[in-house]
Amino acid sequence: MEKVKIGVIGLGRLGMVHADHLVNLVSEADVKAVCALDQSQLDYAKKNFGVNTYTDYKEMIDTEDIDAVVIVTPTGFHPEMTTYALNAGKHVFCEKPVGLHLDEGVREMEAAIQAHPELTFQLGFMRRYDASYRHAKELVDNGKIGDIIYIRAYGIDPISGMESFTKFATDNDSGGIFVDMCIHDIDLIRWYTGKEPVQTWSLGNNIAAPQLEAIGEYETGVATLKFANGMVATLIGGRHAAHGNQVEMEIMGSNGWIRIAQEPEKDFVTLFTEAGVVRPSMQSFAERFEQAFINELKDFIHRVQTKQPGSVTMEDGIRALLIAEACKKSAETGELVKIG
Amino acid sequence: MEKVKIGVIGLGRLGMVHADHLVNLVSEADVKAVCALDQSQLDYAKKNFGVNTYTDYKEMIDTEDIDAVVIVTPTGFHPEMTTYALNAGKHVFCEKPVGLHLDEGVREMEAAIQAHPELTFQLGFMRRYDASYRHAKELVDNGKIGDIIYIRAYGIDPISGMESFTKFATDNDSGGIFVDMCIHDIDLIRWYTGKEPVQTWSLGNNIAAPQLEAIGEYETGVATLKFANGMVATLIGGRHAAHGNQVEMEIMGSNGWIRIAQEPEKDFVTLFTEAGVVRPSMQSFAERFEQAFINELKDFIHRVQTKQPGSVTMEDGIRALLIAEACKKSAETGELVKIG
Amino acid sequence: MEKVKIGVIGLGRLGMVHADHLVNLVSEADVKAVCALDQSQLDYAKKNFGVNTYTDYKEMIDTEDIDAVVIVTPTGFHPEMTTYALNAGKHVFCEKPVGLHLDEGVREMEAAIQAHPELTFQLGFMRRYDASYRHAKELVDNGKIGDIIYIRAYGIDPISGMESFTKFATDNDSGGIFVDMCIHDIDLIRWYTGKEPVQTWSLGNNIAAPQLEAIGEYETGVATLKFANGMVATLIGGRHAAHGNQVEMEIMGSNGWIRIAQEPEKDFVTLFTEAGVVRPSMQSFAERFEQAFINELKDFIHRVQTKQPGSVTMEDGIRALLIAEACKKSAETGELVKIG
Amino acid sequence: MEKVKIGVIGLGRLGMVHADHLVNLVSEADVKAVCALDQSQLDYAKKNFGVNTYTDYKEMIDTEDIDAVVIVTPTGFHPEMTTYALNAGKHVFCEKPVGLHLDEGVREMEAAIQAHPELTFQLGFMRRYDASYRHAKELVDNGKIGDIIYIRAYGIDPISGMESFTKFATDNDSGGIFVDMCIHDIDLIRWYTGKEPVQTWSLGNNIAAPQLEAIGEYETGVATLKFANGMVATLIGGRHAAHGNQVEMEIMGSNGWIRIAQEPEKDFVTLFTEAGVVRPSMQSFAERFEQAFINELKDFIHRVQTKQPGSVTMEDGIRALLIAEACKKSAETGELVKIG
């Protein structure tokens, strides 16, 4: 099969990771060009990846002989870039979430995807490609834990990242704890259960980070989701973990439970020290999900080559955003909010 | 110091455990008499403990030369028995909860306690006497984890007990999952934080036990509690655990977290079998909290001897019940419920 | 049944623990007298246990109306005291090991035991009464792990005890790391397998405690034991653990493995801190084996009451000492040593 | 820098893994040709990797325009192939061990390496490239655990591989448990400590696999190694693990301990089932060390490009083999064996 020619839009932290993976670890991908606003990022990419560089994504799409674009820009740009690329006949891999709000731009993006069934569109909920989450999915789908009663999901960043987050969120609209952080778990819950929540009560606080009050962020967000069949889910998003990056999920079934990453073990090392028995923790999502990031791009490329739709759809993105926005609204108003 | 002469009321599962502990492991206690309705229980106690037996608790209180009573009867009897014993000049150790509802009987019990400051009254929230919970309390009080952001508490019984529970709850008012099970964790949360929740949204389901619908019970209950300072707690009560008895608590602080019993390790044995690496689980709360049950009675006896009030008060019992009833009401109505 | 009247000889650390257990937690025991050389220990016992006190064990045995003695003195005294007590018609519970060397005194003790089959003699290998070791024994005996291939046993004290040990071993003959520490595991290996080792190569070092060289002690001892059927065992004794008290055993079977206490969890608390995920460790064998110490005395008392021989025999004590001495000899000579 | 042109010799299980990694995941490698005896392996490689194929390794070396060869053949062929390749001016990556015996062929290989300092030679002790072992190395080198007192190393394959191993070892000389399995840990112990053992007592048994007697193999081997400074190491090699692939190492230091993979966690999933709390295990070394295999080849390629010697040397290979052969001799004779 022919390699898939790629243009990458966005070379921030995750964008550079994706570009590097595509160049070095996804043998069926052929990165031709990248687009970014920061010249040093472009210089780095030119030197290390040997690619053409652009500051205008439209120019890159219009000029380069590429089959697909990988969009890793700030969330607010996802709709217009996706729409433009699809209309230019390019396959699109777009980072999550689909947008900051379920607005017109997102609806246009949805329409563009529907208008181009011949193009592969895939959303970057990479956790679906992580070995542990997939192992759990297999167990759930094979009925190993019976019917799902309750799900608990934590997405809590290390406190060491607080300063850079505060800076980022002062300058940008992060989307807030539910749209920015919990959305991954919202997607996973939909994936595991095949069900949609119908109502939420969500709460937030800044006990660990009073400075976030001023910029309208919650350090910790807690969302309780009710499902039509009585199932319940609790989502905790946060940015205060002293020990590292706690991305944990628990699925309680009527016949057994699954926990994924109840401790964020960095590797196989256990220390026996004055403090007790210590398991060092992972510090970043990039470390935790490196292989998942590679896997999702490999699969996207394979789907482009074999003319299949993406595994994570626009519908997935819209539903997850709808739910996250309901959580946000509940936390803001203090009231129960119906979903959908 | 003189030993404390005791009468035990109630010889069901926990009553017999308490009586046995008092006779054999609490050297400052001198059990003189027991009261129960079941003749075989009385025969057993007479033979093994060498005590006088009664079927009428008032007769025991009026007749025997005892200093204190230990009340381990069904919850509905706690108020009248406590009131009667106090008015007869006896110290009282009473099992939790104080009652099934915050009704007149409970208010009379409260009044009797206030009317007898010379008598020791203690409520049986034994988890406060468990070594692990005390270790956590010390860490929290010493500021080791900073300010508390979020608490999660599980009290989930093994599925193996479902049949006997169903029978019990068919014949009796168990109080429901929040009043019967979660109340322990409600007490602990108050103990750890010194704070009262102000609002709850609670949910229940019978996905794992449809048969409970008919008797008005929830197999699983999920209560989200909001505190005035923004702190949040999630309580999960249930009766479906395949692996054993999961009584777990997590306290997230701004500077570290504590988990108590994230796995209910039965002992120090780890098995390496075809299934993987297996840690056998504890099956019952009696096994889990045996030492706590002994400790609370030792402390009660000591407080009687030294004329101190009980460590767990009627106020603790009333507040916990108030909160549990709010959860119950929320689950029944589907609405947010204000507390207190 | 009548209570068993007891005299306790020796009120050092473990002696006081045993006396306290007998007085407060073993309801069938009636401690009448204690014997010690230290007056403050005797005063403490008189005040707290209400017992008669002696400085001469023979006087206590000759004077007091007691059924049994519990011997908790330095090892060198075990033979003569046991012999004297048996000849005076007393049941004997004696701490391990039976002696420092397999000398005439030990042989006389053995003869006295054989001469008094009507008296209960039990040796203090308390680990056989620990819930986890018993759980493992049950699994082994029921064939759950198949045939035993290899056993690994650690008995490693916390470094915090090094100073007091050095002082003790400067003033006394501790027996050395194999006789003093590893002997517990030697007994357990015999108990689990029903087999005797036939040869050993043992080694010792003082890398962690050079000061022990001067007093002829090894801080760490490593004994490899060969059994006739090819089974192998490795014993590690030591006194250097930074984290706490590591008493661990692993039993590899042809169909599964068992590990007992692969981490010396202090309680159910897990901490999530800057260091990572931390499980605090137990610091002392007294903490680890408290319940086992109680259980062994309860069982001894019951065996006296029901005229049964002790569960751990003089033969067990002699075989364990024989093996430990072979390890010691191998470490001293650097050669392979045949056992038995 | 120019890509390194590679020829791979040997396409068995590990050979195919290496070839695949070189083609797809090591971007600086350019695999030109492969050599194997099995036509189906060659067909697979031709189709999937687009490379030239050979059945005669000398022909490949003489014909192809390659810079380096990667040798993944049965151990007995390592010396002659390495020698031939070096003499033809090729860089060599050779799987461990250097040979089955320290014979003339190995000495010729050593001489060839010394004769070609301009060529990079690297041996395949991949564990040195595993993240956990490297983490431990860093801790050791930074003095975090003080001086090393004792090391324990397990290399125990799952019982599920017994049948295929028996077949293999019937047809081939596996080298035996010490040369085939323990040699990895021998290398690691030398790497961590910088020290050489001076004496061993080694033992073997076939309790779990009596059928191995007939072919002169030990299912389980236990080697005790003594070092000049008193340090001791215990190596356990085996093929009987019910739960999976247990490759574990423990390093006891005077100021802390490190355990690497005390449980062979397959991923982040923990199951709570009727059996208890279960952590599924990894089943193969290929799964456990996949990233290490990739890393070592990346580093080898980088060293070729930058004209550096290999990180794991012929000296490392010879010393490890010497030690493994001493263990083997000790197990065969039942005697202590001096090393070196």
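Going in written order, the chains are labelled A, B, C and D, and every chain counts its residues from 1.
Throughout what follows, contacts are C-beta pairs under 8 Å (C-beta built on N, C-alpha and C of every residue); 3 or more make two chains touch, one makes a residue touch a chain.
Because the structure is predicted, anything quoted here is derived from the model rather than measured.
In this structure subunit C contacts its sequence twin subunit D using mostly the same residue numbers, the overlap exceeding half.
Of the two chain pairs shown, A-B and A-C, the one joined by more C-beta contacts is A-B.
Note: centroid distance subunit B to subunit C, computed from Cα atoms, is 38 Å. Inter-chain centre distance (subunit A to subunit B, centres taken as mean C-alpha positions): 43 Å.
For the pair subunit A and subunit C, the distance between C-alpha centroids works out to 57 Å. Residues of subunit B found to touch two or more other chains are 241-243, 256-257, 262, 265-266, 270-274, 280. Residues 146-150, 152, 201, 203-209, 219-220, 222, 224, 226, 229-232, 234, 236, 238, 240-243, 252, 254-257, 262, 335-336 of subunit C are the ones touching subunit D in the complex.
Those residues of subunit D that touch subunit B in the shared complex are 241-244, 246, 263-266, 270-281. Those residues of subunit B whose C-beta lies close enough to touch subunit C in the complex are 23-25, 27, 131-132, 135-136, 139, 256-262, 265-274, 280.
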